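Common to both upcoming complexes is chain A, partnered first by chain B, then by chain C.
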Partner chain A sequence: MTAATLATNGLKPACIALVGPPNSGKTTLFNTLTGGRQKTANYPGVTVERKSGFLKTPGGHAVEVLDLPGSYSLRARSPDEAITRDVVLGRQQRETLPDAIVCVTDATNLNQHLRLLLELRPLGRPLILALNMMDIAQRRGCRIDTEALSRELGIPVVTTVAMRKSGVRELLDRIDALLKHPAGDGATALDDWQEPSPDAIRAYHHEVGRVLRQAVVEEGAPARVTRQLDRVLLHPIAGPLALLALLFLMFQAVFSWAEAPMDWIDGSVSGLQQWLAAHLPESLLKSLLVDGIIAGVGGVVVFLPQILILFFFILLLEDSGYMTRAAFLMDRLMSAAGLNGRAFIPLLSSFACAVPGVMATRAIAHPLDRLVTILIAPLMTCSARLPVYVLLIAAFVPNTAIWGGVGLQGLVMFGLYAAGIVGALAVAAVLRLTLLKGGRQPLLMELPSYKWPNAANVLLGLWERTKIFLRRIGTIILSLMVILWFLSTFPAPPAGAAEPAIYYSFAGLIGRGLEPLLAPIGFNWQIAIALVPGLAAREVAVAALGTVYALSGDEGAVAGSLAATLAQDWTLATALSLLAWYVFAPQCLATLAAVRRETNSWRWAAFMFAYLMALAYLAALITYRVALALGAG
Partner chain B sequence: MWQDALALLIVAIAAGFLLRRYAPDGLLRFGPPRIGHGPDAPATLAAGACPDCALAGSCAKTRPPA
Partner chain C sequence: MKLTSEAERRAFELGCAVGLGFTQPLGQMRPGSAGRILVVSGGDRDIERGLLEMGFVEGARIEVLHRGWLNRDPLAVRINQTMTVALRRCEANAVLVGPLLERDTGPVAPLGEPLVS
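Our next item is the complex of A and B:
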């Protein structure tokens, strides 16, 4: 059900807010209630902004459900927690006061989670407690007397297992009951609300203890498997080794597993290209389709299997609960570079895309900690870099095994990811020592229990990534390739021209104009042309290279793979220089716009662009010169 | 040749799409704003931009209210 459907039916939806501590399952419950597909994972801080969806209750009420960022308390300390507090108190601009609140808590962790409910109770708003993850609590032998809990708290209590849709009907019935007898607007209690003092928080903790003594019949054993696994995975020596091994396996798999599907896609694209070249009459349309669209877009679509393999691993790790352990293991290294431990999750998100990564910094309380994290987020290797890396590695790094079966290509890929991480830590350390001193806070993060990854979650995540990738190809990349084809085709070359037509075109003019600037780092005019549309998004450069080489009259680029063409046309030093460039280059307009929005200033977006561009040039220059000195020219 | 005209039409459409996507909000829009993209975007929309949306900062719904 959508807002539009409700509007056509003449219904003004009631508003229900899902509130609760981080990682208590609010978004899973939200998806179950509304049929939504918001991202979920087994670590805190996945939701950093308000999301909404709609449903109709069994009693016929139209309801808008708000999924709010997790918070342990209304004493907000970070921008995402402030959103939750302001929505609940009716102070969020453009937001109506929720008609009722569903407080979602992890039934295995009531000791920590019930405090928020006790803070919500005095607000006087209709309130329901959803004890989520009851299946896990029961498996551990925990028994909760929900009637006693409801009596002690004075509000309805419902048990749910959001992932299996269990308890949802009862929750909806309770919501119906609340909506039938609406409470007052609670204006006085809300107007009088003051942030709880440390004494008040201590009092809440005592009250939580008292309530649980009345309501918890058996506490149950702590998670045994989690304890045993953590003995190894959080061990000071074995833990980091296991993390390195996991990441290493991931990058090896990206190359070795993707070969067959990539060959299939590549063959299909080449087949279509050759068929069109053979059957269409000579015209601008033929050139646009064969040399512009298929050479460009086909060069990027082939990387879909590798992107999916990478995300398969990331989704497994996210859903299992390992990611917070990785944050814990990285904390010492990150704090040495002046980063807040909570920066790990935004930086991790940036491996998918820097835009959600920059947004995820809202979970960081201190503004300076947050700003440092925003400024280094683009250095994490996002999935848009993957096509560039894979193309150049496939073209220039031999597919051989070294050190007892370790693939050299996977090893180089691992090195490029590591270079991004090391670069980010170095930049953070420099910023901390110069522009952004102060504001460092220790890491305090709840470690969730390990869970078997949910197959539906993983498949949904992969499907979402596929849609995002194909949508980008079908919109931005396709449009940019059409424009690049136009700029590379017009004006026509002069009579008796010795160079390929593209050399005399608008694009050739731009490429040759930039060439003197880029020649010291080993880039030719074709690379210069590809870098310009590549400013919009990194993978566009791969598509642009496909189009540029196809229009350069290179038969190999049309009939065979782009990698083979580049291997013939470029030196190893140029390829290494371009790889070094892409580790740092800020070639993504969406990220710059996100930085501007989150920092509320163009100044920081411009600063980020300038320092990343300078780093990219310097890294490419050093790489190129060293490679030449070593005889790779 | 109709093929040449069609190729140039595709170029014009692509240029229009990119201008619409990257030009500042309102500059190239005519008529009422699309649902969720105008200055009167309903309050039910997300407070931040949508991940992977290249419209990002130029989308009206991401701007703080005046």
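Our next item is the complex of A and C:
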């Protein structure tokens, strides 16, 4: 009995796979079909997201819809595309062979998109062709005889407008019709599948031409708006300027819009801390809850608004079609460092947080390109470094204007961002010339027509990101916080201790042990101790410095008075050295965990940790020595 | 092909030789010039397949739309009026382009058969 007949008996939902080239509106169709009834998981063994949703057809079938990664061909070029191939061929572990395949194509681009359908047809599986974006095609004056198309292809054809529910009714009816007559397993055709040779692809092109000559009544005009927009946005001078302006706007938004919700989260967290501190009896449990879990997790949750705003922009740019233009503009610059233009998107995400940035590298087809991008992602200045930068700059850099209203403090901040970017490009170039040589992937990227971003797509995407981020906080970060709390609480200080409690703890022990190692770069034992809990998340170091300097009060007050204390206690050389350290240091276990997950090996995570550590030490050493020589001691 | 005059040599340098009836690799063409693909062969099978999968196939009509701002790389190329693809000049040189023919107006012309062997 096949899964489809099981489904008609109401035992197990039938599985329908959506397959289509990128930019065919497949995900929008998926969202319209399944609405909020979606779940995202991972395919076993790999890190590709498995998106599925459920629906009930008018005919009463329960159907699981699987949104497979976009692919131009069954010949997979990236880990994402390999999943599409394996699911369609029934080779994916723990995934049943889909009962039917819906091939989603952009009706305005049948010329290129129909070839995937021709690759799917010989597999002998139940197949439906969905001509998506039919409204746009009609607006451009394109007329397609769907009956002739269906006749020539020998499979059912439906037209859909993914953004409107009404457009998918016919598709659901077709699915019902297919499920009533379940097909055999077609095992031989699936087992015999081979990658198409260049000449086989030529033959597919030839066949597409033949079919379209029968079915296309009227050609339709090319996308005029897209051409006119591209004339500006891809212009050799205006294009890069527009990209720069957009990035500026984005960062402005990330830092100014996020301020209010961040203050709110911060206030709630410290309110909760104070309430618990006042109402709980003095005990280890209280310390664990207040100083360990709430302080630690709160310190990370506070970045959620910034991450969401950045992702809002990224989703908007992706959905509108601009992201590929950004990759086009950046490709030459990135390829000088041995990277692909597509690496621009994950690196951009890394400015909010390296974790989603590392996850976004999945779209990079070539494994070496992807690995290099993962390894340099943590060098992009993530928002967790900001509290440290802000504290040290406020303490040591005078708030003077140099020219044209540009403040020295702002300039130093910009310099720190620039140092990260330059460092990343240099590291990528070195890696490409030494350890990760060769195998450069060609840039072959469709520049889709611009379209208005779809609100549902963007909101669902943001909701996904929030879930992933919160799940991570609930698991990895929470457990790390508990471990670090343990390290900085035990053993308890002896009676009548002169130094703060952390000095006597394991963390203090480690910090003091590290001190001789860190002395050449100008770090005192207080910094060394603060770096230990700062391993969990960079910004925790600020709170840890507060503890070490025996300050108390809420975070704002600590930062304020801490700046004054530091300005007295540290030399300028030490402060600059610590800033240089923070540009490079791998002080984020969550990123290391993400790298281990995405590369499927601890070796690369360890390599990243080691090289970033070495770089940080070297940068801090040079900064400290030069600053001393210039009399900043 | 033997160049007969200084003007023709200049046309090749400027990337508009196809407009004068010559053939030229896609990577050397300049924005605004259009032609029809004669041969796709990179020597490298994977590049050849990649190009074919993105629509660079013998007989297809192409038009170079844009060039990158740095080193005139990459190119944005419109294929058969419907799809725009970005690619680097290095890969684009695996595509040999010839002049448009009178009869080839629409995109639905026979595709996939090398016009020049």
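Note that the second predicted complex is superposed on the first by the 326 of 633 C-alpha atoms of A that agree within 3 Å, B and C clash if a C-alpha of one lies under 4 Å from a C-alpha of the other, contacts with A are read in each partner's own complex, and residues count from 1 in each chain.
The rule is simple: a residue touches a chain if its C-beta (ideal position, glycine included) is under 8 Å from a C-beta of that chain, and two chains touch if they have at least 3 such contacts.
For clarity, every value in this text was computed on a predicted model and none was experimentally measured.
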item: Touched partner set for A:597, first chain B, second chain C, both or neither; value: first
item: Which superposed partner A:64 touches (first chain B, second chain C, both, neither); value: first
item: Touching partner for A:425 - first (chain B), second (chain C), both, neither; value: neither
item: Partner chain(s) touched by A:616 [first = chain B, second = chain C, both, neither]; value: neither
item: A:482 touches, of chain B and chain C: first, second, both or neither?; value: first
item: Which of chain B and chain C A:239 touches, first, second, both or neither; value: second
item: Chain B versus chain C as contact partner of A:219, first or second or both or neither; value: second
item: Residue numbers on chain A that touch chain C, as the complex places them; value: 72-73, 75, 77, 108-112, 115, 196-198, 201-206, 208-209, 212-213, 216, 219, 222, 226-227, 230, 234-237, 239-240, 324, 327-329, 331-333, 335, 341, 442-448
item: Partner chain A, residues of chain C touching it in the complex; value: 40, 45, 47-55, 57-60, 65-71, 73-74, 76, 78-88, 90-91, 106-113
item: List of chain A residues in touch with chain B within their complex; value: 3-4, 48-52, 64, 83, 93-96, 280-281, 283-288, 353, 355-356, 359, 468, 471-472, 475-476, 478-480, 482-483, 485-486, 536-537, 589-590, 593-594, 596-597, 600
item: Sites on chain B touched by chain A in the complex; value: 1, 3-4, 6-8, 10-11, 14-15, 17-18, 21-22, 35, 42-49, 51-54, 56-58, 62, 64-65
